[in-house]
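Chain lettering (A, B, C, D, E and F) follows the sequence in which the chains are written, and residue indices restart at 1 in each chain.
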Amino acid sequence: MKLAELTWQEVDALDRNVVVVIPTGSLEQHGPHLPLFTDSILATAVSEAVERAMPEQVLLLPTLWLGASAHHLKFAGSLSASFSTYVGAVKDAIESLIPHRFSKFFIVNGHGGNSEPNGIALRELKATYPNLKFGHSNYYTFADETAADVLSGPAKSIQHACEAEASLIMHVRPELVRTNKLRDDGLVPDPPIRGMVHSFDEITEEGSKGYATLATPDKGKVIFDSAVAGLVQNLTTLFHGYVFKSE
Amino acid sequence: MKLAELTWQEVDALDRNVVVVIPTGSLEQHGPHLPLFTDSILATAVSEAVERAMPEQVLLLPTLWLGASAHHLKFAGSLSASFSTYVGAVKDAIESLIPHRFSKFFIVNGHGGNSEPNGIALRELKATYPNLKFGHSNYYTFADETAADVLSGPAKSIQHACEAEASLIMHVRPELVRTNKLRDDGLVPDPPIRGMVHSFDEITEEGSKGYATLATPDKGKVIFDSAVAGLVQNLTTLFHGYVFKSE
Amino acid sequence: MKLAELTWQEVDALDRNVVVVIPTGSLEQHGPHLPLFTDSILATAVSEAVERAMPEQVLLLPTLWLGASAHHLKFAGSLSASFSTYVGAVKDAIESLIPHRFSKFFIVNGHGGNSEPNGIALRELKATYPNLKFGHSNYYTFADETAADVLSGPAKSIQHACEAEASLIMHVRPELVRTNKLRDDGLVPDPPIRGMVHSFDEITEEGSKGYATLATPDKGKVIFDSAVAGLVQNLTTLFHGYVFKSE
Amino acid sequence: MKLAELTWQEVDALDRNVVVVIPTGSLEQHGPHLPLFTDSILATAVSEAVERAMPEQVLLLPTLWLGASAHHLKFAGSLSASFSTYVGAVKDAIESLIPHRFSKFFIVNGHGGNSEPNGIALRELKATYPNLKFGHSNYYTFADETAADVLSGPAKSIQHACEAEASLIMHVRPELVRTNKLRDDGLVPDPPIRGMVHSFDEITEEGSKGYATLATPDKGKVIFDSAVAGLVQNLTTLFHGYVFKSE
Amino acid sequence: MKLAELTWQEVDALDRNVVVVIPTGSLEQHGPHLPLFTDSILATAVSEAVERAMPEQVLLLPTLWLGASAHHLKFAGSLSASFSTYVGAVKDAIESLIPHRFSKFFIVNGHGGNSEPNGIALRELKATYPNLKFGHSNYYTFADETAADVLSGPAKSIQHACEAEASLIMHVRPELVRTNKLRDDGLVPDPPIRGMVHSFDEITEEGSKGYATLATPDKGKVIFDSAVAGLVQNLTTLFHGYVFKSE
Amino acid sequence: MKLAELTWQEVDALDRNVVVVIPTGSLEQHGPHLPLFTDSILATAVSEAVERAMPEQVLLLPTLWLGASAHHLKFAGSLSASFSTYVGAVKDAIESLIPHRFSKFFIVNGHGGNSEPNGIALRELKATYPNLKFGHSNYYTFADETAADVLSGPAKSIQHACEAEASLIMHVRPELVRTNKLRDDGLVPDPPIRGMVHSFDEITEEGSKGYATLATPDKGKVIFDSAVAGLVQNLTTLFHGYVFKSE
């Protein structure tokens, strides 16, 4: 079910085992070829497909689209929430539902930069509500192996405005891809170094990482379906519940 | 233009006189007959109509839909940002664009509870950036007179899930109105008293205020068009600029 | 009763139906003719007159005089609390009394810029203490109709260092009016525009709005008495209690 | 000069060597015999006497009366600002004046519990504005030796609602002393221990410390005049300026 | 060099290419067999070894030992900083050095729970100081492959109070290992689920994860030396500088 | 007992009358002759000596070494926590232990600049946990009289990198004293003035105050032993408990 479209009486009648799904995205530069809303479009599309697959078991929120994107702000049009605003939004949304006895929450994230503050928001909530269930994951984590198979370029993981993301947008919103501007991009430190926090104006020429020129809608469909299938399985487990056993 | 659909290079090429439009809404109970997303749907629809009317002069952001709705939280499904989260989101979005020399910002608000924090966010920004232009208004302010004419019930202003809002949703998203559940609602203090801060579980029986049973799509269209026309005029002035003269 | 002058044992003996009255003002420029403390002087004077009229039913706090006045800071001598400081002061004062079972609170405000943060402070308190009573109003709201009658100039509402405020200070603290410096002032956008957040150095020449040259102590007395009478009636209702009934 | 009574143009014309004086007090229990506003009354009275003695060299603010009094909250009627609110108010007031080139600030404090947050507020300001002058002191620090001479009871320093404070209120606002309720009070740890943070409901029976039964208005006058004289000397030095030399 | 042992004049004389190393740890339960300070002991020992290897190129801070450990608080003795305190400490320490023109900062982390707030702290700093260099990594990231080789148990990565951590403490502070209490522990969700935020009282029986019974000091030495060697190489690159080139 | 070296099960078995000791220090300039870590070294050494003297009655935390040192930041290498970070660290550490029923907390402070925020942290905790015991003191408060006897120079109290602190470091970590750089330093306002907040670059030439050239290890030992003895007595009282009686 989509929370946005329900009335409060319909929400009040729901099974409290339902998994509250919170998509998180961004509005940030995605190179010369993809729209600023790429991450939000994809987190939303995946989450909506999950909701269609298991409507009685999922309560889908609208997408929290204002992401933690400070590392993209040098590129015009990128918007970024501060970490405290971002964490506050996630927590406020979830804590509004807890007094009504919703108890299972899962963030479907579309922007790498949100992973750390998503983790922090949920860890703070877990400390306050130790008996409730909180989870988060980038949607593409559930498509990792499939993506590695289907991608043609040397980069086998999902990067930024890359072969994978461009393929996904071609699948979901093809009219938004500037096909004449697709380009491969990405800079690396020389000599190599680990652990550095770089901004995207340092590690790209025009904002993207990876091999967008290799993108196709078919690849997008494969990755998309794989992410949805993985999430459906994961959230079905969360809906039905699980126990802990010795490893 | 819709910021979400642009690339960063397209944003970077824009005229800096463009008015950045930020719709703000809510996800909160709207009685037994309207969906939780009512305010966000309407702020978005009005803003998108404004953008269609003057695409070269407006840069439209996605809707900040997580409103300041603590007074509705007793009704299941309502979500509320804390004031600091809400103010932070408005400020963060706007401040992301200022280094890129955008200078005119206008919030089109769909939820009365956002008015105070919208004011505070913009007053803080104005103190920091005294030479930039910041404005905000509920969209229905621009339709006030028209609405008073067109509404049949005794309440001549826009309330909450009322004749006006129900009419507007009938116009914009008719499939979301639970027509069999339309009801009139609203309680008042006895004896009368001014200035009190009440929550909606105190001042309604099932969450709405006003005469939703009188709603029609035609009334909705009239109010909607009036709000759009007023906003277009106002933002056109903002785009072209104005001076101060003696009263 | 005036809280400042009581001992703790006297407070502890009070009827808990008493209305705690919190005057809020400012210390900010009021043109060349009125003192910086104008709003605080007036909120205090009105509140003290209310307390004299119903001493057993009101517990009057000293005036929170440090207002939210960022829009006046370009004028020397104006002081402004940040919104978080301002909201904190209102909430801290009120929350100090709640564990002692005081339960009815009303802010008598003298500065328009405080209205938004007063609203936010009380809405946050209401969310935390849903069974308590919180209200706020500008004192001149209770004199609106009377003021419209008595004012000679074209501005029929209360503005800033205007005919009304100058008249009120002439009534309450005449020695503080620089009668040789009274002036009419105020600028308006051309072409007209709605909803903009302007600072007072933009919309005035020397800090005031309205027709102070028309001020008289008699007008001040009429407005003052009207505000006091309205507040006394309102707080009497709050003291005795009220219920909710269908509209 | 009293800032509250000036216009902005008069402030703008001031010598910037003027010392901005900020009185800080409290509204907190002072035993069965003194009013809740004792600390604010005394800080205000001392500061006003200082201002009368050197009106051209002092710019006196109204008293920040909402003190840091959490340790008194168990006694009805006591109000306390949180530390962040308190520090915010001090800093906001001072920082409003800095852009207008005022540069010398001195807090005249009447409540021991404010000393720590006053120190923190000024240390934060000093870090931001290293070339400006900031100082703070309890007013009675300037009367310490005189008070030790004039007090009859075994407690030779100023405590809380004690011989000294009761004498001072008898001098300044005699009608506010409940002379029939004057009492000696105060508990001490047994065995003795240093450094503990106790609340006043632990270390008193009815809220006061010391020998209020020995208070007289004459003692109050001596202490008061001594504090004023010391402050006048100190602020005169601050007005004229000082250098640093080897010890 | 160790910052703690230098004088300010010696610091002032340093080459500003020096890498400021900030070890971060925790004080949290590590099962029945390892001390609460395990993570801090190891981050400190590794960092000190790095400093000994390249003393002229590293400026080593004392360990920020109060980690983000809310997920361990159910076990007595665990201490946890809130995220805002933790992030504040990292940022405050670094920002104290920036005005003195230090420009390269690297956090050597010993506690998984610090990774997210370390990332956030550095991303906030990077946004403010885009031209400076900030990096962070768990020390054991540099020993990952070596550890996988040397560990005998089924868990090939470093967990919590596991074969690897127990071996490391046996190498560095053998007297602190309760060898008679070494145990294997760790629970997993059944059915499996990804992305959940669990606390350690949910996923262990007595606080540890992995196969501590297999720990030996020799394994500890191998892992330790590998981590140090990797960090030395990485920080040498940071000291000498690097450029960006096409991938 | 040292918390760092215990396991959680050992902590869980402790007597809850144990006094939790939290040493607080700084890393800040101490003139040309003492190391930056002076305050932390001394607070730690004193606290460890106290723990050795009464191991069953004290639970010693590692030193919170990042102090509130903004007034030293002009000297290279000094680190300072903001007040909110500092207060947060003290409170977070203590509040981690309260759910496990530890109830007696005492801060042993080595840096004057921490006194105010230590007071604020404990006053906030006391307001939240009125039945628990919280105390704080500079360690040298317990040696005041002894130090006055043993010091040869004109300054009879402990200052900063002075005769006393230099003697203490000579006693505890003699290898860290730059004996060839010992110097006397310290500037005073002329004419004298009280209550000003000065930074150390204003009131010293090279960072120290007092007569370090007179320091000897023997003086250090006498002061050190006196501080330890006083603290042991004080904390023994806290361990066994105390009552309140009439003064």
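Just so we're on the same page, a contact is a pair of C-beta atoms (placed from the backbone, for glycine too) under 8 Å apart; a residue touches a chain by one contact, two chains touch by 3 or more.
Source: prediction; values computed, not measured.
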Chain E and chain B - chains in contact with each: A
If a chain touches chain A and chain C alike, it appears here: B
Farthest chain (mean CA position) relative to chain B: F
Rounded Å distance, chain E centre to chain F centre (Cα mean): 27
Intercentroid distance (Cα basis), chain E paired with chain D, Å: 48
Touching two or more other chains - residue numbers and ranges from chain F: 73, 84
Cyclic chain order - from chain B, heading first toward chain C: B, C, D, F, E, A
Interface residues, chain D side, partner chain F - complex: 68, 70-71, 73-74, 83-84, 87, 106, 113, 115-117, 119-120, 122-124, 126-127, 130, 133-137, 141-142, 186-199, 202-203, 234, 237-238, 242-247
Chain C-touching residues of chain D, taken from the complex the two chains share: 3-12, 27, 29-37, 40, 61-62, 64-66, 73, 75-82, 84-85, 88-89, 92-93, 96-97, 99-100, 176, 178, 181, 206-207
